Amino acid sequence: MAMQMLPPDWPGNFWAHWAIFAVAVLVFVLLMVIVFIWFERRAMAVMQARLGPNRAGPFGLLQSVADALKILIKEDIIPARGDKVVHWLAPVVAFVPVLLVFAVVPFRGGALLADLNIGILYIVAISSVTTVGVFMAGWASNNKYSTLGAMRQVASVVSYEIPVVLSLVGVILLAGSLSMQQIVAAQDIPFILLQPLGFLLFFTGALAEINRAPFDLTEADSELVAGYMTEYSGMKFGLFFLAEYGEALAISAIVTTIFLGGWRGPVLPDWLWFLVKVFIVFFVIVWVRTTVPRLRIDQLMALAWKFLFPLALLNLLITAIEILVWPAASLWVFVPINIAIAIVLVVLWSRFFKLGWGKVEV
Amino acid sequence: MKFERYGIGIAKGLSVTIRHLLRRPVTTRYPEQRLNVSRRTRGNELIWDKDKCTGCGTCAKACHIGAIHITTSTNLVDNKYEVQKYEVDTGYCIFCGLCVEACPFEALFLGYDYERAQYRRNDLVQTKETMTETPQRKVSGYFYPGRAARLPRQSLLVDNDRGQK
Amino acid sequence: MTLALSGKDITKKIEKKFPGCVAEAAAESLLVKGEALSEVAAYLKNTPGLDFDYLTAVSGVDYLDYFEVVYHLTSIKHNHSLVLKARCYNRENPALPSVVSLWRTADFQEREIYDLLGISFTGHPNLKRIALWDGFEGHPLRKDFL
Amino acid sequence: MTTQTREVVVNTEPFVVNFGPAHPSTHGVFRMRMTLDGEVIVDMEPVFGYLHRGIEKLAEERTYTQVIPLTDRLDYLASMNNNLAYCLAVEKLAGIAVPERAEYIRVIIAELQRIASHLCAVGFFLNDCGAFMTPVLYMLRERERILDLFDMVCGQRLTYNYMRVGGVSQDFPDEFIPAVAKFIGEMPGWLDEYERLLKENEILLARAKGVGILPRDLAINIGASGPVLRASGVPWDIRKADPYSIYDRFEFDVPVGLAGDCYDRYRVRVEEMRQSLRILRQAIKDLPGGEVRSQVPHLIRPPAGEAYGHLEGPRGELGFYLVSDGSIAPYRFHVRAPTFINLTALSDMMRGWKVADAIIVFGSIDICMGEVDR
């Protein structure tokens, strides 16, 4: 498929380009979050032998719109002795970085807001700002559950940042550049085949960072009621909800761009490929969330430091060796080798990886 | 966490959930689809047979909450007391069916209908007039197998019956 | 089949050890004087032949002129059971020695009897109301509670 | 199990958190006042009584038959067993014989109720571990089949009021036995699938194995009973130790755990479901015909005296201590509630573990507040 690349400042001058794409990103994110919420509830429902939303609109499509309206109307309670300004600011600080991440994601045929040559570095930097928002929420709600939840979020994000970044570095080595455009261009073979271990590490780490599925410690409803979101209601809670699903959308978009070859695909038009892959990745996230129980906070930490982090280093080492020693060899040769290495490493490492049992003599 | 099972347990769990994508959901959409209730269901109303009732008051004594209020005339007409007031306060009644079992003359039955919610509490009190058997107000087969035979068969989840439209 | 030991043949053993503490030995229960309760209970729990290590249930009954606390004891090793009773006669503040030190299962049950019947158990670690809130006066399960 | 001792360098000051009556995972209105040092639980004090309805006082002004609807409300997840335990106590008190067919019906219904109750226990426990609602919904689907059968037999789905002193209130309808046979045929398949969902799940193993251990002698000392006691390695099951009604005619075995941790309690409950299916198969096979209730006057007037009738409920030994003074109402009605007593060691099992473990330990004991508060 000939890669028709859109010129970077497509409609001529810079400001028109920026305006069009800013609006496109905003509409894309909000619309996709609404569809994601419906998609998750529907997919989980079918997997749990029930129906899911089917009352509002055909197949319940307007359900998330109805939820959004309901949340808009709901009264907005601010805890009495909480820190009012920080309480008001927290959802904004949590949601805005999620929007910023989409500036560098190439949607179709290389159309993106800003073709930064440090695409991935920008994504990793911006996505860790949400943690500040979450901690502000935890602190400002003057509620024990929120503080516990916020501290757990900070601890988990800090410890999962490193395996995530290291697994991305493996991809950068292969693609030869940080910019998302180049990465998509370099993916004649989707990097998921070349970097299976990198994909596993990134996916697990990303799940922990957006605290979904087995790592949803921060708003573990069975322990901390709703974690840092306990004291929020009305539109502020809506923003946090938007942020959570926005992050899931961001992670799916990043995984599609980096590991599944972005908008490139044989038959279908390129924008459709991007959407299909994003939905597939999100389905996997929902699928894991439906099945797997939750990890305890100290197991979460131990998994990050004792399992993901060493494996990420090893993966980086192996990729580097491969690139240096056989630059010329066609990449298809490496696919079976890398998959085999990934399996061996996981088996070997999990042989003697054992968590402390967490009972503290008190 | 021992991973020496290398994530096989998680994979098995995932295989179970994905398999449910191909199965029909088990739930029924209530207002549109309705399940047939059991033939012996203890619906939330009582049905009283005027001519069989002799006004003996055994049902009122059997009720451990005192939800049945009955007053009869004092004179005996062909060994029956003429019942002036017969009220059941279904707000108090827990539908345990002890009154139906206690009635020696088969004059009291439980209803088959389960949608009798009211907006005001004293609408819950069933008086003599609203307790007779009518085509809408069917009698449940509780404690009387003969009447159960006339009711539709119960839709059982064991037979994968999701109720009819 | 759990063999229910009759009060009579247990009394002979107990009389030898603690003379004069068995008030009355019925067919299937054994009435012990209030103050001798803890020694007899300890004896029943620790002697090798009996070793009632499992206190199934503690129930209080208000017979108007005295309160009676009934201990259903079971031995898991020998699979036999015994019903031990103790009475306290004054109604203002009835008291009995607590058996929490022997069987921790009595902890909540004695608190419940204290809460609903008003029998206080001396030696109980934290004897306070369990089913009702602390400000509640009176003991509902007493026959004269209206 | 290795425990790391940790000397406290930074003197953190423990704070008290109320896992209050209205908390998503307290299985009803139950409050835990926890003193926490960071995430680690230093001490925990259970507070209950929010659901206290004074059932023991209510029973004293009702006739022996009118008390049966009250026993439905004790352990509302296994109310058939409550009815049965009460009827056994009254039959022991008044010396009433129960016809053969009624005995078999009681065993069939009690074992179906045990499966339904264990499904609840396992479903809510896995949900507390964090598996987001999937085990609960699979469990509700299985339990729905049993509730349909109970609805067919006695007309209600939760408060059955089905057993009577001297037998059962009504006989089975004729389409009941084929439905139960179909259920017994399918249930092992559903159970295997339910197990494949989470049985060897590494995260569940990590969260539940070795957590909240109840040692064997402490389990006996606190008078624990049911799966909690058997998971700690004590093979004590009233159906085997003191067989009531006709349980001595069925052969089944008693699953016993080893370590007494949350995972063992979960495994013991799942194994017990399989054993109940085994009993059901035998009971269905030789269900005799005949009367379902012996001739009992409507107002039973047992001779003055006392009796303690107990049975092996899904949550443990459920006993009724009845004192009768010869009148038509029980003089004293005391319930030996298994979960009320199983909670005695809750603080010992939780001390030293983290907040997330507290929820799992509490979930694995499978309490039912109706029975705890009475």
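In order of appearance the chains are A, B, C and D, and numbering begins at 1 in each one.
The definition used in the following text is that a residue touches a chain if its C-beta (ideal position, glycine included) is under 8 Å from a C-beta of that chain, and two chains touch if they have at least 3 such contacts.
The structure displayed is predicted, hence computed values, not measured ones.
Relative to the centroid of all protein Cα atoms, the closest per-chain Cα centroid is that of D.
With every chain reduced to the mean of its CA atoms, the largest distance from chain C is reached by A.
Compared on C-beta pairs in contact, C-D and B-D come out with B-D as the pair having more. Averaged C-alpha coordinates put the centre of chain B at 44 Å from the centre of chain C.
One inter-chain figure worth recording: chain C and chain D are separated by 26 Å, centre to centre, where each centre is the mean of the chain's CA atoms. Distance between chain A and chain C, defined via averaged C-alpha coordinates, is recorded as 62 Å. Rounded to whole angstrom, the centroid-to-centroid distance between chain B and chain D, based on C-alpha atoms, equals 26 Å.
Residues of chain B found to touch two or more other chains are 1-3, 7, 10, 13, 16-17, 26. Residues of chain D found to touch two or more other chains are 134, 141, 197-198, 201, 203-204, 206. Each of the following residues of chain A touches two or more other chains: 47-50, 290-292, 295, 299, 355. By the contact rule set out at the top, the touching chain pairs are A-B, A-D, B-D, C-D.
Across the interface of their complex, chain D is touched by residues 1-2, 53-57, 59-62, 70, 72, 76, 79, 83, 103-105, 107-109, 112, 116, 129-133, 140-141 of chain C.
Within the complex, the chain A residues that touch chain B are 45-51, 54, 287-288, 290-292, 295, 299, 302-303, 307, 346-347, 349-351, 353-355. Of all residues in chain D, only 1-6, 15, 17, 23-25, 37, 39-42, 126-134, 137-138, 141, 197-198, 201, 203-204, 206-207, 210-211, 351-357, 359 touch chain A in the complex they form.
Interface of chain A with chain D (complex): residues 44, 47-50, 144-145, 148, 214, 216-217, 220-225, 289-299, 355-362.
Taken in their complex, chain B has these residues touching chain A: 1-4, 6-7, 10, 13-14, 16-18, 20-21, 23, 25-27, 29.
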